[in-house]
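Each remark here refers to the structure printed beneath this line.
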Amino acid sequence: MEYIYAALLLHNAGKAITEDAITAVLQAAGIEVNDARVKALVAALEGVDIEEAIAKAAFAAPAAAAAPAA
Amino acid sequence: MAEEKHHTEHVPEWKKNEIENIMELIQSHKVFGMVGIEGILATKIQKIRRDLKDVAVLKVSRNTLTERALNQLGESIPEMNKYLDKQTALVFTNESPFKLYKVLEQTKTPSPIKGGAIAPEDIIVQKGPTSFPPGPILGELQSAGIPASIDAGKVAVKETKVVCKAGEAVPQKLATMLAKLEIYPLIVGLDLRAAYDNGTIYEPELLAIDESQYFSDITRAAQNAFNLAVNTAYPTSATIGTLLAKAFAESKNLGVNAVVFDSGVMDTLLAKAHVQMTSVASKAADKDANAVDDQL
Amino acid sequence: MEYIYAALLLHNAGKAITEDAITAVLQAAGIEVNDARVKALVAALEGVDIEEAIAKAAFAAPAAAAAPAA
Amino acid sequence: MEYIYAALLLHNAGKAITEDAITAVLQAAGIEVNDARVKALVAALEGVDIEEAIAKAAFAAPAAAAAPAA
Amino acid sequence: MEYIYAALLLHNAGKAITEDAITAVLQAAGIEVNDARVKALVAALEGVDIEEAIAKAAFAAPAAAAAPAA
Amino acid sequence: MEYIYAALLLHNAGKAITEDAITAVLQAAGIEVNDARVKALVAALEGVDIEEAIAKAAFAAPAAAAAPAA
Amino acid sequence: MEYIYAALLLHNAGKAITEDAITAVLQAAGIEVNDARVKALVAALEGVDIEEAIAKAAFAAPAAAAAPAA
C-alpha cells in the first residue's frame, strides 16, 4: 500500500500524481521502487475523482471475513 | 542585578563551575526545558531523576546562576529566562520537546495538599462509607467541615460536598482530614514551563499531544487508502483479496438478480424460488388450509 | 475492475493467470490494455488463494445485508 | 407445492392466476390435477399480494443468513 | 424466474427436468419460450442436487421468520 | 461463472454485451464456448440494469448454510 | 493528513518513523515541512499502536459498505 499512500500524500498536498512524483516520494522513504507498480498506479488513478473514491466505502468482504477472527 | 554584574570578577570558583556546567549541558543536548518543581519533596525529585535517567537529565540550580549561564549563550536562548520562577529546575534531553513533555507529564502523581496551600480546583468529598470505626475521628471530620456520621458501624460521609473552593487556602484541620481520607487534590510532578529546541521555544499548550487524535487520523488515512485502492481496482497484497471478493460478489449478484442459468448461481436461484414458494404458500394456507398440500 | 474480472474468468476456467492470458482476454473485449496494470495484477495475485478470497465474499454478503437491521 | 409453483410461474409471466391456467400448466408437466385443490388455491390467492410475499421472502433470507454470523 | 419455477414444478412432481418438459410447462402458461435459456437451464442443473439446494433455503427460512421479531 | 465474468468485464469496459463479444472474450481465455449458454446469458441480461443488479445483494440462503460450517 | 500519510508510508514499508524520514518523504513530495509538526507526529506515534489503528479501519468498513444496501 506504500504506493497508494504516496499518491494520497501528493493529492493531499495539492501536487500532481505523476510517475516521477510517486517515485521521488517512495525513494525518499528508502523504498526500492518498482516502475511497473508506479505506472499501474498512475494509470489506475487517471480520470478518477480521488476525493470521491476515498469517501466511497470499499467493498467490505475481507473485513467482514476477518470479524469472526477478531 | 547591575550590582551583581559589577561583582562578576569576584564570583567564587564553585559558582563559575556551576555556570559552566549549565552551559555545557545546554550545548551538549538538543533540547532543554525549564520545569517547576514547586511542592515536590526532595525524595520524590530523587525518584523522578532516576526514572528519567535514560531520557533526560534533571538539574536543580540557583536561578541567578541559571540566568547567567543562559545570558552567556547565543541565539534566542536568553529568552528562556522569562520562564525562571521560584522553584525552577532545568531539564536536558536529546529527545524532541514533545517527547520531553510527555515523559514529564508521566512523572505527575496525585498528592496530598498541605494546610495553608491554595486549592488548584474545588476539593470535593464524596458521600459514602470510610474505613474508620467510630471514634474521635468523627468529631475531627465534623470540625473540619466534612459532614460525617456513623453508618453500619463505620464512619461515613453523609453527603457529597465541596469542602474548599478553588483558589482558597486549605485550612490545616481540613488538610489533615483530607490526607486521612486519602483525598489527594494536587497533581504533583515536574511541570514543564517551556522547552528550547534549535531556536524555537515551545510552551506546554503546543506540546500537549492528543494521541487518540493521531490514532483516529491513522485509521482514517488507512481507510482512505483502502477505499481508493479498491475503488480504482489497484491491486496490492492488501487489496487483492477484497477486489476478488468484490468481483465475485458482483458477479453472483448479477447472476441471481438477472436469473442467469449458471452453475455458480443455480443453488441460490433454486433456494430463492423455494423460499418464495413457501412464502406464497403460507399466505394461501392462512386463508384455506386445503389450498396447499400437506407437505407444507 | 476489468482486469480483476479477467483474472477470475481465467481462474474459473482453470487457466493459468499470466500476463499474456489477461492481456489476450482484455484485448478480445476491445479494451486497450495497460501493461503495467497487468503486471501489477499478476504480481498481486502471486501466492493468493483465489478460492479462499471468493469464499470470504460469500460469507461477507449476509453480514452486510444484516447491518441495516441492527 | 407444484400448484404454488404453477401460480408463481403464471404471476411471473404476467398472466392471470385462474383455475384453467393452473390446470393447463400442471397438465403440461404431466401431473394429474386435483380440481378441488386448484379451486381452493385460486380462491386463497385472491387478495394475496404475491409481489409482497415474494419480496418479503427475498428480503428476510439474507437477514436470516446473517444471524449465525452475529 | 419462470424457468426456475418450471424446473422446480417438474422436480416436485417427480418428473425429469428435460428441455421438452420445461418448454411444455412454460408454453402452457402462455410464455414465449427462449430455447437457449431452456438449454442453459437444463445444462446448469446437471449435477445439481436440488433437494440439497432447497434444504439450504429451508435452513434460512425459519430464521428469516424470526428476524423481523428481533 | 466465466460467462458472467465475461459479461461484467465488457460492462465495466463500457462495451455492449453481445453474443459475439462474450464469445470472443471466452475464446481468448481458451474456453470452449457453448453457444446456447451465450445466447441464454445475453437474453437474461436484456433489459437488466446491470449496475443495479450488481449492487443488490443476491439471495443469501446458500451463504447461510455455509455459515454454521465456518 | 500529509504527515499521517508519510508516517503510514514508512510504516508500511517497514521503515522507522523518525523525524528525518518523515521530513525526507514530505520534502520529496515538494511539501514545505513544518518541523514542529514532524516532531509532534513522531512523539505522538510512539504511543500509538499503528497496526491497531489500521485494523480498525478495515473493521469499520463492513458497516459502511452495508449502508447502501439499506
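Every chain is named by a letter (A, B, C, D, E, F and G) in the order it is written, and numbering of its residues begins at 1.
Please note the rule applied: a contact is a pair of C-beta atoms (placed from the backbone, for glycine too) under 8 Å apart; a residue touches a chain by one contact, two chains touch by 3 or more.
Because the structure is a prediction, the values reported are computed rather than measured.
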item: Chain hops separating subunit F from subunit B, counting only touching neighbours; value: 1
item: Result of counting contacting C-beta pairs for B-G and B-E, higher pair; value: B-G
item: Subunit D and subunit G: spacing of chain centres that average the CA atoms, whole Å; value: 56
item: Centroid distance [mean C-alpha coordinates] between subunit E and subunit C, Å; value: 30
item: Cα-centroid distance, subunit B relative to subunit C, in whole angstrom; value: 45
item: Whole-Å gap separating subunit D and subunit E, where each centre is the average of the chain's CA atoms; value: 12
item: Sites on subunit A at which at least two other chains make contact; value: 1, 5, 8, 40-41, 44, 57-65, 67-68
item: Residue numbers of subunit B (touch at least two other chains); value: 221, 224-226, 233-236, 239, 241, 243, 245-252, 259, 261-264, 267, 269, 271-273, 275-278
item: In the complex with subunit D, residue positions of subunit E that touch it; value: 1-2, 5-6, 8-10, 12-13, 15, 21, 24-31, 57, 60-68
item: Residue ranges of subunit B touching subunit A (in the complex, touch as defined); value: 221, 224-236, 238-239, 241-243, 245-246, 249
item: Subunit E to subunit B touching residues, read off their complex; value: 1, 3-5, 7-8, 37, 40-41, 43-45, 47-48, 50, 52-54, 56-58, 60-61, 64
item: Of subunit B, residues touching subunit C in the complex; value: 233-237, 239-241, 243-252, 264
item: Contact set on subunit E toward subunit F in their complex; value: 34-37, 39-41, 43, 53, 55-57, 59-60, 63
